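Below, chain A partners chain B and then partners chain C, in two separate complexes.
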Partner chain A sequence: MALNSVVLVKQVPDMNAVKIDRASGKPVMGGQNVVSSYDAYAIEEAIKLKEAHGGEVTVISLGAPGAKDVITRALAMGADRGVLVTVPDPNALDTLAVAQVLAKQLQAMTFDLLLAGQGSDDYEDNHVGPQVAELLGLPLVSNVNSVEVAEGGHHLTLQRDTEDGRQILEVDTPVLLTAISGLNEPRYPSLKGIMGAKKKPIEQVAADVEPAADRITWSDPVAPERTVTGTIVQGVPAADAAKQLVGWLKEQKLI
Partner chain B sequence: MAEQSGGVLVVGEVDNAGALRPISFEMVGAGRPLADALGQKLAVLLMGSNIGDAARSLGAAGADRLLVADDERLRDLTSEAATAVLTQVIRDVDPAVVLMPGTTAGRDYAPRVAARLGVGLAADCVELAIEDGGLVAVRPILGGRVQTAVRMPGSRPQMATVHPGSFEKATGDRTAPEAEAVPVELHEAELRVRVQETVQGGGGSADLESAEVVIGGGRGLKEPESFGLVEELAAALGGVVGATRAVTDAGWRPHHEQIGQTGRTVTPRLYMAVGVSGAVQHLVGIQGSDYIVAINRDPDAPIFKIASFGIVGDLFEVVPALTAELKAAQG
Partner chain C sequence: MSTMTSCQMFELTDDQRALRDTIREFAESEIAPHAGEWDETHHFPADVVRQLGELGAMGVAFPEEYGGLGAGAVAMAVVVEELARIDSSIAVTVGANVSIAGEPVLLFGTEEQKQRWLVPLARGEHLGAFASTEPGGGSDVRASTTSARREDGCWVINGTKAFITNAGNELSAFVIVTARTPIDGGAPLSAFIVPNGTLGYEPQKPYRKLGWHASDTRELVFNDCRVPDEALLGPLGKGARVFLTPLDGGRIGVAAMSVGLAQGALEQATAYAKERTAFGAPIARQQAIHFKLADLKTQIEAARLLTYRAAALKEAGKPFTEEAAAAKLFASEVAVRAAEENLQIHGGFGYIEESAVPRFYRDAKILTIGEGTSEILRYVIARQMGLTE
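Right, the complex of A and B next:
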């Protein structure tokens, strides 16, 4: 029994390198483009399932022309092939447009598992996974933190955490799963993986899509104001610091 | 059912035990001013199984219309079943604005409904207003560092999910409008995901959102066993325990105790951060707290920038001293 997976991977600016310009409150991107954090868990899970059950792992990314870095990274981790669907300005598309482009590409493919990240690092919509599932008529299980494939079949037992605790779910493939931290420990590409990635195919396809300008618009992002100047106790023995804090808690009527 | 079109539709939610989640009241609290600004009615929808009583108490918080989709197959609120029911309600009611809870379930069905209707959706919003007759939804992006205002002029309805802990809970205590039963039609294909079991999360963490005092533990605690210190402190303050993602990812605490951008949002009177650095993704989950107290040995830890009271010191000394001092103070 082989299990073929497709993973949706988004290239994002490194969130750790984002700085806020003090004067304007506007974000300034820096650093490299990276694989959106949760997508790394999705890639890792697909590769682990391939290693255990056989099959192929394809990664798809919608991005600007040439934005292949995240696909190359996934290939170096162990994915088999990549597809870069290009649009002139990915940031001009809303999640539904992104999902429509990805769904159209996926319609021409066969797979058992479709994996996405729960949410992307930059926009954090948590939309594209469910929307692709909707457009392809697939069942969806989000926030997945454990995947088990039933012996000899395309039947999955999944676990996820919800507000109520741990949920155990059953579903047959094909299905779309969205990955979250805790699912696995994404591997670092090995030197052999990095070399091997160069020989793996990356197909580039130009998407034909019009941004639906009126459906949704968003303003330039700015930092919200928030400054608190608090009392800081430093360089005193723990017992004294604790006393001061208890005094303060009383003053604020918190105890 | 469609006696009047337009208005605002908000969706509430019950937990696994059938009790209303606190965010249900926030949904009414968020929707009411929008309905008033539009001069239209506020409809509340509750989906689930055996939810008659829960629906009535939510309706009494200030709904003009109360819609109830009560069906055994909606017990787990799987995305496809909820999508089918909500889409039908939207087609019948024709609301101008739809607000859904930013819960695990809401984040699953809201994008599907938006895709099915071909409309825009603003995710995880922290502020909502009506401007020029349309919805303006403010949401954090880029790790919570910045915010953007989302508008959906060409969409009907205009839809948003609501970030838990961001809106005042409606506290109205009126007579609930008469419940209108929503017909639930589901096909086999909409029931493909089967929830076998829900293992209840441990501890008092179920009340994180409504707790008056929350103690958040971070990686500074070094090992899961040290959470005993945090638990004792929480007991002395009558609070509950939460954690950073570094801690839940390491498996020291269950994932549902995670506070922050990808976890839960708390709005207590007092939030005490113990061995927490104060990463932006954590801060967005605690910034609604009235007072923030930080205990950290690094004077440059970002948590001190938003702390009302901070102690720079070793938590393994400060926390036991604090617990002892609190016990003494309270007799």
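Right, the complex of A and C next:
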């Protein structure tokens, strides 16, 4: 029984390329925009389920017009089609506005499974997945680290880690699940996949809902100042230095 | 591939850039963290080579009908370049497999040989090797002494081959070997495909090399090794052609490795020069240092253009012997210079085996030797210019 999935994907700055400007404490973005890392687990899981059970994988992303890179990446990994919902300035929307735009689009689509990353690499609000589930009236299972499909499809056994253990849930589709690390190891797109990605369809649609006015405002992110400085024991023989260090650790009640 | 426009000689296409970015990402995350350890322990990383095969790196230039991508020789050069930017051993494993093992099967193989040997090679399921060089001679193929005689409807091969890449690891599936075959009173070379595991085909233990520690290089001994008629690759007595034709493409591969190694060395040197301070300022501010880096940058760009040009000619089906020789000659000498300047700029730290700097220095030198020495290449170019007779 085929299982059709839609994956919510967010385009974020490459966190490995972000540098902090020492003078201002502000981040300097560098490099390309990439797929948010939790979303990569969601994409991989959808493709694995397709490979095992058949069906189609659609990725949907909200972004500025032309921001197709993350969708192309998902297509190169093995997704079948993409939808880019455009708004003039995605950063001007709060999470609920994003969820409303996506939910509106998703209402016109058919699927068995909605997947999203647990949160995004940049803001880490962890809002959009749950909000979309609520808006669509779908059950939500968050922080999923294992998916099994029962014989015949449409009935899933999901595992999620909690603070004090592990939950195992059985749920019928349609359902929205959010992915965390440990769910799988996202594949590299094959070179053939990359060459083939541009032949796959990406539908670009302008958001047809009026995003709500800002309910949240963000100040510019600033790296915290370092207020604690290290102590370096030097200029004494090693044995004495070790004694001094042990004395200090005891003083601080650390050992 | 489509015909090259003048712009494509200077800029990669979207597809080529996408392939480059994927290989770069793979090399930086899956190869770079381990390259130092593999180098130190002379470890051939079969798993990573297999993963590269799964990505499709071995089949970039081969036709789709034989398991490849049909993306052309420029894309292949870009892939090899990106690997060498991080680890030359991996780059030569891929380069040799594609250019001198896969290519002869594509050019001279029967349909059956292509299905059996080329398709799995292009898909990354196994590796091939090419064995022509002997302890007594490399480019001087006439000095070759390995022989194949007819006996009971089989060919019986005897002899020793030297400096052979990819012949003895767990992914090795076959070697193409050249041998003298007695025909009409003469003994011209013929080429044979010998499967690994054939009785009498004995890959020896790996060499201990100056560089390329993580690549598989061995001597091969053929001791009454019997193969059937179907093992013959190309026409009987035309083994020199089977050996020489893919060599031009192999030179593009070594040129690409050279560009990649030089690029990696330049990036290491540039980062260090910005970070290392002496007399109160980063050493990059010193003219003695930034002139070196500016020269290298210029030379690498020139080497890259020569390499892509030779590859673009190959892709367009035009003659490229001279261009491949020129690219390999120039790029390999730039690579040696870049590796040396990188070490010089790193000073004492560059001499310590704790960074990639000494590895790049050791890996560079073979580039002016393998696939035709700089001296042979100058001869090839001079001959193309009509200067040698």
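What we mean here is this: the second predicted complex is superposed on the first by the 229 of 255 C-alpha atoms of A that agree within 3 Å, B and C clash if a C-alpha of one lies under 4 Å from a C-alpha of the other, contacts with A are read in each partner's own complex, and residues count from 1 in each chain.
Heads up, the rule we're going with is that a contact is a pair of C-beta atoms (placed from the backbone, for glycine too) under 8 Å apart; a residue touches a chain by one contact, two chains touch by 3 or more.
In this text, all values refer to a predicted model and were calculated from it rather than measured experimentally.
J.: Between chain B and chain C, which makes contact with more of the residues in chain A?
T.: For chain A, the partner with the higher number of touched residues is B.
J.: For A:Ile194, using the defined touch cut-off, is the partner it touches chain B, chain C, both, or neither? Pick first, second, both or neither.
T.: The answer is second: A:Ile194 touches chain C but not chain B.
J.: Of the partners chain B and chain C, which touch A:Leu169 in the superposed model: first, second, both, neither?
T.: The answer is first: A:Leu169 touches chain B but not chain C.
J.: Does chain B (first) or chain C (second) touch A:Asn91, or do both, or does neither?
T.: Neither: A:Asn91 stays clear of chain B and chain C.
J.: For A:Pro27, is the partner it touches chain B (first), chain C (second), both, or none of the two (neither)?
T.: In the superposition, A:Pro27 touches chain B alone.
J.: Now for A:Gly235: first (chain B), second (chain C), both, or neither, which partner does it touch?
T.: Only chain B is touched by A:Gly235; chain C is not.
J.: Taking the touch rule as given, give the residues of chain C at its contact with chain A in the complex, in rising order.
T.: Result: residues 14-15, 18-19, 22-23, 25-26, 54-57, 59-60, 69, 71, 79 of chain C touch chain A.
J.: For chain B, which residues count as touching chain A in their complex?
T.: It comes out as residues 15-17, 21, 76, 79-80, 83, 103-105, 107-112, 114-116, 118-124, 140-143, 145-155, 189, 192-202, 206, 213, 237, 245, 248-249, 251, 254-256, 261-262, 264, 269-270, 287, 291-293, 299, 304-314, 317-318, 320-322, 324-326, 329-330.
J.: Under the touch definition given earlier, write down the residues of chain A that touch chain B in their complex.
T.: Counting only chain A, the residues touching chain B are 15, 18, 20, 25-27, 94-96, 99, 118-119, 121-131, 133-135, 137, 139-143, 145, 157, 160-172, 175, 180-182, 212-224, 226-228, 230-236, 238-239, 241-243, 245-246, 248-250, 252, 254-255.
J.: Under the touch definition given earlier, write down the residues of chain A that touch chain C in their complex.
T.: For chain A paired with chain C, touching residues are 76, 188-192, 194-195, 198.
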